[in-house]
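Read through the structure below, which is laid out as structure tokens, and then see the notes.
Labels A, B, C and D are assigned to the chains in the order they are written; within every chain, residues are numbered from 1.
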Amino acid sequence: MIHFYHVSKVYQNGVKALKDVTMHISKGDFLFLVGPSGAGKTTLTKLLLREELPTKGQVIFCGKNVARLKSQEIPLLRRKIGVVFQDFRLLPKKTVYENVAFALEVAGGSRQIIKKRVPEALEMVGLADKQKMFPSQLSGGEQQRAGIARAIVNRPLLLITDEPTGNLDPKTSWELIYLLQEINRLGTTVIMATHAWDIVNALKKRVVALSGGQMVRDEKRGAYGYGG
Amino acid sequence: MAMGVNTLAYFFKETARSLFRNTWLSLAATGTITVSLLILGASLLLVINTNRIALDLEQKLEIRVFLVPNLASNQVKQLEKRIYLVPGVARVSFVSKEKAMEDLRRGLGERKDILAGIKKNPLPDAFQVKMARSEQIANAAAQISSLPGVEQVRYGQGTVEKLLLVTRWMRIAGIIIIGALILAALFLISSIIRLSVFARRQEISIMKVLGATNWFIRTPFLLEGVTLGFLGSFVAVVILYFSYWSFVQQVSMFVPFVPLVADQRLLFNLFGGLVGLGLLVGMVGSFFSVRKYLKV
Amino acid sequence: MAMGVNTLAYFFKETARSLFRNTWLSLAATGTITVSLLILGASLLLVINTNRIALDLEQKLEIRVFLVPNLASNQVKQLEKRIYLVPGVARVSFVSKEKAMEDLRRGLGERKDILAGIKKNPLPDAFQVKMARSEQIANAAAQISSLPGVEQVRYGQGTVEKLLLVTRWMRIAGIIIIGALILAALFLISSIIRLSVFARRQEISIMKVLGATNWFIRTPFLLEGVTLGFLGSFVAVVILYFSYWSFVQQVSMFVPFVPLVADQRLLFNLFGGLVGLGLLVGMVGSFFSVRKYLKV
Amino acid sequence: MIHFYHVSKVYQNGVKALKDVTMHISKGDFLFLVGPSGAGKTTLTKLLLREELPTKGQVIFCGKNVARLKSQEIPLLRRKIGVVFQDFRLLPKKTVYENVAFALEVAGGSRQIIKKRVPEALEMVGLADKQKMFPSQLSGGEQQRAGIARAIVNRPLLLITDEPTGNLDPKTSWELIYLLQEINRLGTTVIMATHAWDIVNALKKRVVALSGGQMVRDEKRGAYGYGG
């Protein structure tokens, strides 16, 4: 479903964030993206979302070259992907409920669907009682969970979670992992960029390791680590 | 763009929410639109009224055509017709020398004893000519003076030219001022709208990355712009309306001889135009401001 | 507040950085200040000049005082002195009846033959009285008419009152307009400054929590406000200066009889005042805008 | 040095974030603050910084009631405390260098001190080569480290770090922990709110556990956990 062919990314200020990455992800995969701080994990997910364009190489999603999408195709691409951003990116002027509902509204979801799915998603991440609060009134972990609810609410084809447990206690983290596994079992491809070595080691899923922008490891049933 | 009922409902809900949750931004934008259009509208009224007063003065201008003595009455008729044919002439009326003496006497007031010693009326017969287009007065006077039977032509040479120069200048200045003020209003309104969108650029980029189409993001901003434009210009027009009418009343009470525009139709168009301008700038301003941040 | 050289250097560095890194905000704020002060300045010039023209017209007003026939020359002297003592009178000059006849003859122009039959000059001797304060013309005329030796007083009753009413109205309207425009300029400028601070409220709250004193946060904003205020008003004044001078030149070429204010001193004060206003609003606006977000 | 006496905090929307917390921290302590997401850890640090006022009870710092400080004393309080915020709070219009320098400028540090200490601090967190970049150009972990550099640069009396390893890989996390221990050894009191159970367990330092706003545990040489 996803193919990276010799992808390099150099940011405007000259930082080489990715160097010649080639990688394939099939539908239904559950993939851990690991690597030290600044390795290029977030950059990789930005290329998939077309938030950034690759400097070299091709990123293919569902058979289409992401860099060559027409401008009206970009929103359609993004709606197929649910993302938990490392910095949450909640809309500050919307309540938790409205933030989650927004992902459905964007895709033209009907009022019934919104009324049904939003509370479901909030329930799943344990935020049912905070739905009327604004992001600035939430704790770090609660904001993160609001972001997770938003990412899963419209049942995306691909779920990208960037450091989703960074602000969660171990118990909540594991609940989230079970949730992601459940979602994965229902057919959603999951990419999880993470530093949580305990989770990676326990799950024995596919692990792709980046270091300094280079892919240093790709193991089917791997453990946490990135050489060096 | 195909648009469901849900999306439409979303747009209105969204616009209302944004207006209320960004109270401060909404107030600043409305206030700026109001102030800009107030200044513009007041200046328009000023210019229109100055023009009106100038026109009033101009319409009081006339040419006095003195006739050769003892002209036959059919010659006088003939001359009257010919004067009518001169470009710019609106109305011609005959003033007999008896009527002229009468006028002179009245004009001298209490010093009319001066005329006591005069036996024979030394004044000539004359035509009094009103112009349709006052700028042509000098030309018309020249043409009339060359007609047969005309002895002399008088129209306040000098003073009239001065008056016409001043009124023409005022008209040009008025157009320049209004043009500059329209530009100024556009700048002020679009600045405040751009700044209020700027304050929310982060939100726009988040929406973009969540898969919202440009139109989906833009429409609530456009509706917001239209609403602010309407509110702002409506307030401006209401203020203008009431202050102008009380002004007109004051003037008609204290300086009744100054002719002010009180034509409901014209004022209606003017005020309607202001509201339209407010709406338009609000919408177009939002459109372009948002566009800047849509390129994510 | 005790302040080290480092802090001072920080303030200037910080202000310069902020101006350049928020290019867009800086431009919008400068532009708004320029436009507001341009409108205000242009209106001030308009009002000043209208007043000047009105004053010019008023100064052309005079009272004509006709004397009782055959007054002795010392009685005439006496009367002249008494007229001088009437409040508001500026200048008194004697017009003999011969001079008056001469003037009348000249005034009638080519119709002066009317006067051919008159043997004895029927006109009276008169004083021509100029007023220092034209509003007092009616009062002065009434007082003069009750002096011994005065037969009749004439000052264009009716027309003069009209003129004076109009000029007084224009003065009041001018003050109201300028007052309203000053308020409008204050609103527009402070709105844009508040909005530009609003866009940076997050930064202010972060600084606060890092232990910055209110003054430490505020000073760069104040300096920024002063800089923007200065730049904006300076641009406005330069534009005003050049357009006003070219306007004055145009007028003196094409409608030379319209008296315009070209007093360097007055204009200097006016323009200085505008720059001062810009500086002040920039500073005070920043002060209050920042204060709002300092309560963390 | 720090005393909490029966401190309760109820936010405006009625959320009870802290309930009757009493706790003492001595100068030179190294304290882990643990608890599930939403337990009140961040709220506790906000009370110390006087970002929020307690609804009930007293917070004493260096012998002064924080809630009763005069407004000109508040900046002085805050300058004694270095904070790594959970949401970083970097100034977006300043480069990494300027962000770190700002903590010194606020306190009136001389140019020489700034020129010496800022590069030192950036070196300690491994950001020496990113000092000219703006926060938006940094990866999540790099932003977090910039925040750490800013918190330690003016050698505060108290160092509060709220989830400082949430975006860091294990290796960088441990380097940071060594750094915090070093700083602690030089006399700075350190409070670290965290979900990193492995670090808490390995260090065997004092652990205070919150749950639902209540203090459920306070152990001298504790392990990760909050009962329930």
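We adopt the following convention: a contact is a pair of C-beta atoms (placed from the backbone, for glycine too) under 8 Å apart; a residue touches a chain by one contact, two chains touch by 3 or more.
Please read all numbers here as calculations on a predicted model, not as lab measurements.
Chain centres here are means of the Cα atoms, and by that rule the chain farthest away from subunit D is B.
Remark: subunit B and subunit C have CA centroids separated by 24 Å (rounded to whole angstrom). As a whole-number value, the distance joining the C-alpha centres of subunit B and subunit D reads 67 Å.
Distance between subunit A and subunit B, defined via averaged C-alpha coordinates, is recorded as 62 Å. Mean C-alpha position of subunit A lies 28 Å from that of subunit D. Within subunit D, not a single residue touches two or more of the remaining chains. Shown for subunit C are the residues that touch two or more other chains, of which there are none. Chain-to-chain contact here is organised cyclically: the chains close a single ring, every chain touching exactly two others.
Which chains touch which is summed up as A-B, A-D, B-C, C-D.
Those residues of subunit A lying in contact with subunit B across their complex are 49, 51, 71-72, 75-79, 81, 83, 89-93, 102-103, 105-111, 150. Those residues of subunit A whose C-beta lies close enough to touch subunit D in the complex are 11, 13, 15, 34-38, 41-42, 86-87, 133, 137, 139-142, 144-145, 162-163, 166-173, 195, 197-198, 224. In the complex of the two chains, the subunit C residues touching subunit D come out as 4, 6-7, 9-10, 17-18, 21-22, 200, 202-203, 206-207, 209-213, 216, 296. Of all the residues in subunit B, the ones that touch subunit C in their complex are 24-25, 28, 31-32, 35-36, 38-39, 42, 104, 110-111, 113-119, 122-123, 152, 162, 165-166, 169, 177, 181, 184, 187-188, 191-192, 194-196, 198-199, 251, 254-255, 257-258.
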